[in-house]
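Shared between the two complexes below is chain A, which has chain B as its partner in the first and chain C in the second.
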Partner chain A sequence: MNGQELLPLLPLLIVSVFVVLNLIVISLYRNHQTTALLTGLGLVLALISTLFIDKSTPQYVMPLIIVDRYSIFFVGLILLAALMVTLLSYRYLELQKESRKEEYYVFLLLTTLGSSVVVSSNHFVSFFLGLEILSVSLYALIAYKAEDSLGLEAGIKYLILAATSDAFLLFGIALIYADTGQLEFARIAPMFDSGHIGFLLPGLGLLIVGLGFKLSLVPFHMWTPDVYQGAPAPITAFLASASKGAVFALMLRYFTKIGIHTNNSLLTVFAVIAVASMFGGNLLALLQNYVKRILAYSSIAHFGYLLTAFLASGNLAFSAVTYYLAAYFVTILGAFGAITALSGSKAEPDLIDSYRGMFWKQPLLGGVFSATLLSLAGIPLTAGFVGKFYVMAAGINSHLWILVVSLVASSVIGLFYYLRIISVMFSKDLGNSEATGSDMTGMAAAGFALVLLTIALVWLGIYPSSLIALIQKIVPNPA
Partner chain B sequence: MTLIWLIIIPLLAGIAAWTSARYSDLWPRWISLAALGLEIAILAVLWLGHSNPIAPGEYSTWLATTNLKWVPQLGIGFSLAMDGLSLLMVALTAFLGIAAVLCSWTEIRTSIGFFHFNLMACLAGIVGVFLATDLILFYVFWEVMLVPMYFLIGIWGHENRIYASVKFFIFTQAGGLLMLMAILGLYFSHGQITGVYTFNYFELLGTSLPEWPSLLMMLGFFAAFSVKLPAVPFHVWLPDAHTEAPTAGSVILAGLLLKTGAYGLIRFVLPLFPMVTHFLATPAMIMGVVGIIYGAMMAFAQTDLKRLVAYSSVSHLGFVLLGIFASNELALQGAVMQMICHGISTGALFILVGMIQERTGTRDLNFMGGLWTSIPRIGAIGLFFALASLGLPGLGNFVGEFLVLLGVYQAYPLMALPAALGIVMAVIYSLRIVNRAFYGPSDENRIIHDLWPREAMVMSSMIFMILWLGLFPQAALNIAKPSLKFIREKSGIRLTEKHYSLASFKTLANLKRSKNR
Partner chain C sequence: MNGVFYLSAIIGILATLMVVTRLNAVHALLYLIVSFFSVAVIFFVLGAPFVAALEIIIYAGAIMVLFVFVIMMLNLGSKSTKQEGVLLQPRSWLGPSVLSGILILEIIYLMAYSGSSPISSPAEIAPKQIGMALFGPYAIGVELASMLLLAGLVGAYHIGSRRLLDSSSKRGDKE
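So, the complex of A and B:
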């Protein structure tokens, strides 16, 4: 291992360096603004460094990490998400009475690092390591507001369930290793083609349980609404975008390699999970009265939609999933960003009723939030529509009629609750809602993030071809 | 490029109206009017430029086309095209748009800027629907007109507005998604056959598909259009949406949004699936007939004036559905005529109801009566449009309904008989409006203002249009003729085979027409 080999790891290294740097700075000079700036700087530097990596051929760092266009794209996406979360968090933390604001950023950088390792991993060891870095720092972040009982509950719930799912994951890995003697993804994949089954299938089954938990697919979704509601809004944004996206991106790369489209039992399992997630998520969301819980169930449904494209085969499916993920990142960051910006020093606006008349009191924030909701509902001129269109196209191309029909039916159900929130925001009857979001602390950073996200949301909806062109270049294994 | 401006102008005007609202309440209204005036001017130039072509004798169907790249990777283009049918529809859009702006002049008093933004954005979407020749672009416009309309109903509507707006949105979106599935199905089957993956309308025309998939795809399109039209089992959103919307919203809903459904049937369903439309023809026509009779009966049973007019729309649009699926020349012409005339006359009726509601504070027929003595001019106008609605000869609606019945009778006489009953029933409910609202004992204490000049202007121009279309329908029919011929060429092969003696019917029709003259 020499310097040349480390070069592709530059983004990951920069993030790690800034973790250490942040720790040192905090111990010497405890200042919220400095830490936040340093974190932002680190993320921007890491982003810039992705541009300088040689992308012509896939590069391996030992057998553990693979750096190619595909992984760099997702690392970039995760870094951008982390940057947005940093910008949003500054306001959120300033409003909190919590005295220790600075360590938050250390954890944030660590989860970013974990997610980046997950998407670039080529080996079960690096995958598991990345996953653990990701989730351990997430435990801390979810329960960061130590006085908030909801937050603590969420943190503990996530901790216990994530640990359980990790056990499933490890057992699955062990079974696969026992059978094949391999931990490297690329070498395991060919074993499937040879028709050899043995422990592979049970191992994969356990693996799916573990992954299903991370992606909060039905029936492994129980933790989602509580954690989404209890965690600080910017952290929920990160959880919903980067942490899930990283796992999904990895799954997409290797499950397509082992040919799930030809394996009937795997196909059936995923199809059932997909349909259950779409309907489960959308139907359960109807019963909720808290906005963050609604978004939690909606994210369950959205990953069900994603599975539709995931199960379709070919390049179209690949770009569909990638586009959908990018669009979903932008949308969900925008949605939770708006919630962050609307929250006051007391609490986040959480009950639907606290959004009453929001559009008239805070036209810009209300507008942004409505736009993200419309994007989640998949209305044209937003990123969400192109994503949904792409997913449907991939599904129809592969004749996954049941999945596509469930997607259409369940997204019509989904309209109810998105429209419910929008209708409340546009309601003229201002009711007894408190004026939220009037506190301008840290609004510059949050506002900047929201403006960027809104522009991206509309840009991806109106002119998707720029991103599509980029995505078509990163497809790792052209069929 | 002209066509793009037709869409951009209302959109820009909407944004300008929104931002200008902070200076004055009048700015948004005048900006919207100016933009729509400009729109009509462009249309006039387009039409005049076409009618004296450089090469006489060569008669082109398409007045103007625009093709830009949008998402080339997926074969989506920004393609617009205008033929006679689109020209008529866009002209109707601009005309009713002006009426909508004028009729909300005093009705809308809150968030005026945002109201006009939504109004103009909705109109831009409608114009886009009438012009798009790329199926995805069409779908995008289809949804773009939906969202502002949702806001128009949900924010400025009457008592039960939230329920109505959500119901409207969900119904249309559900139909729309089925259409999106069908569009994608068509895209991939066309791609697999020809190797060219495109959403372009002209390239997709004449795709020869196996019967079953083709039938399913057609049903997908039909789902979206029949919800919008609305055909009878899918009409349940309509009475609520129309009743709760502000006057301008009702005008646009009834006058334009419903027409996009009919337009879609003519433009897409008939020519794209020529091999299977005959499977759908009979059920669709039965839906049309049921709609005519059911709508008329429901209209008669209403006491809410707006709801009454809404149900009458269901009845009138039944004729359109009937005419479209009879698919012969007369019936199609009748359908187009009915689309235009219904747009104007029902729009006028909604404005009228809005005026009465503004003056008396109620839409309930039970609390009206005797309005003629206090507001005779409004009463007279009400009588005029009630007569138009019941299909009095000499007014535009008569031409539409008569042509439809004539055409349907030739192809499917059994359908025409019950449909003709609809006209009789229209007499009953239309005269009931006049009877209950304007005649009878009057409430002497009521002091209300008769027509304002602004309202008189709107109403007289609408009266003029209905009279003109009724007395000289040939002008409008000539504009639509080449486009209908194009559509019948693309779709008619199988139909003419089935209705073996269409030619003889044509001569019969000509005979009848000359007799009528």
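So, the complex of A and C:
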């Protein structure tokens, strides 16, 4: 091992260095602004470093990590998401009574590191370690606010359920290892082609349970609304985008390799999960009165849509999933970003009624929030529309009729609750909605992030070909 | 050696079940130690004596530290003496000792057998090989594990410190 070999890891190394740097700075000089700036700087440097990695051939760092166009694209996406969350968090934390605001950024960098490791892992060891770094720092972030018992409850729920799902994951890995004697993804994949089953299928089944939990797909979704509601809004944004996206990106790469399209039992399992997630998420969202819970159920449904494209085969599926994930990142960061920006020192606006007349009081924020909701619903001119269109095209191309029909039907159900929030925001009756924050401390950073996200949202909706061209380049040797 | 494996696996499951069902934390911890011992024996049978030793040193050792904490927290003068008396009743130590006694017999049996091969796996993994793997192909994994521990440490510190802050601020309010 020498320096040359470590070069492809530059973004991860920079993030790790800034974790340690932040800790040192915090212990010497506790200042919220300094730590936030340092975190932003680290993320920007890591982003810049992704441009300098040689992407011509996939590079393996030991057997653990693979660095190619695909993983670098997702690492970049995760770093961008983390940067947006940092910008959004500054004002949010300033308004909190919490006396220790600085460790937040350490955890944020650590979750970023964890999700980046997950997307670039080529080995069960790095996958599991990345996943654990991701979830351990998420426990701390979810329960970050000292005075908030709801956050604490959410943190404990996430801790226990994530530990349980990790047990499933580990048992699955053990069974696969027992059968193949391999922990490297690239070497396990060919074993499937030989038609040999043995412990592989039960192992894979347990693996799917663990992954299903991380992605909050329907039979494993119970934790989602509570955790989404209890966590601080910027953290929910990160949880919904980077943490889930990383796991899905990894799943896409390797499940395609092991020939999920030819294996009937796997295909059936995923199809059932997809349909259940689409309908379950959208129907349960109808019953909710809290905006963050609605968005939680909507995220369940969105990962159901993603599974539709995931099950479609070929190049189109790959680019559809990647595009949808990118669009979803932008949209959900914008949505939770708007909630973050609307929250005052007392509480986040959570009950749907506290959004009454939002559009007339805070036209800019109301506009951003409506735009993201429209994108989640899949209305034209937004990123969400193009993404959904792409996913449906991929589904139709592979003749997955049941999935496509459920996608359309459940999207129509979904439209109702998105529009319900929007109609409440536009209602002239102002009611008693004093919970909305008008505190402008540190609004510049959050505002900047929201403007960027909104521009990206509309840009991807009107002119998607720029991103699609990029995505077509990163597809790893088409299956 | 399959018999030894199954016996220790059964003891492991039994001990873990007892951990979950005990109401007294100290009793549960005793069974937890037995459960770690049985896992260590399984590792030994599988040809990983080094990991078996680590299992006992690290896990059982950590439980001992927990023990010390429990005793420390229960340290309330005469009440703690009563607590010790309860702990010394055969009812509380008999179960764990029987289970670990069986495990010791297994180990003695394995040791006596070591003339031939005491293990069911094709090769024994020596500490050197583990070290070489950790410093060779898995070096990044070791670094990642250090980040994981850092996350756990800082997280525990942050969430744990809130109770201290709360109680001190409440005390401040009273005064």
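Remarks
Criterion: the second predicted complex is superposed on the first by the 477 of 479 C-alpha atoms of A that agree within 3 Å, B and C clash if a C-alpha of one lies under 4 Å from a C-alpha of the other, contacts with A are read in each partner's own complex, and residues count from 1 in each chain.
Throughout what follows, a residue touches a chain if its C-beta (ideal position, glycine included) is under 8 Å from a C-beta of that chain, and two chains touch if they have at least 3 such contacts.
Please read these numbers as outputs of a predicted model, since none were measured by experiment.
When the two complexes are overlaid on chain A, chain B and chain C sit side by side with no clash. In the superposition on chain A, A:408 contacts chain B only, with no contact to chain C. When the two structures are aligned on the shared chain, A:19 is found in touch with chain C, with no touch to chain B. In the superposed model, A:267 lies in contact with neither chain B nor chain C. Of the two partner chains, chain C is the only one touched by A:113; chain B is not.
Within the superposed three-chain model, A:103 lies in touch with chain C and out of touch with chain B [touch as defined at top].
The gap separating chain B from chain C in the superposed three-chain model is 39 Å, by closest C-alpha atoms.
Across the interface of their complex, chain A is touched by residues 136-141, 143-145, 147-148, 150-152, 154-155, 157-159, 161-162, 165-166 of chain C. Those residues of chain A that touch chain B in the complex are listed here as 360, 374, 379-381, 385, 389, 392-393, 396-397, 404-405, 408, 411-412, 415-416, 419-420, 423, 426-428, 463-465, 468-469, 472. Contacts from chain B toward chain A in the complex involve residues 69-74, 110-111, 136, 139-140, 143-144, 146-147, 150-151, 154-155, 162, 165-166, 169-170, 173-174, 177-178, 180-181, 184-185, 187-188. Chain A makes touch with chain C in their complex at residues 1, 9, 16, 19, 23, 61-65, 99-100, 103, 106-107, 110, 113-114, 117, 125-126, 129-130, 132-133, 136-137, 139-140, 143-144, 146, 155.
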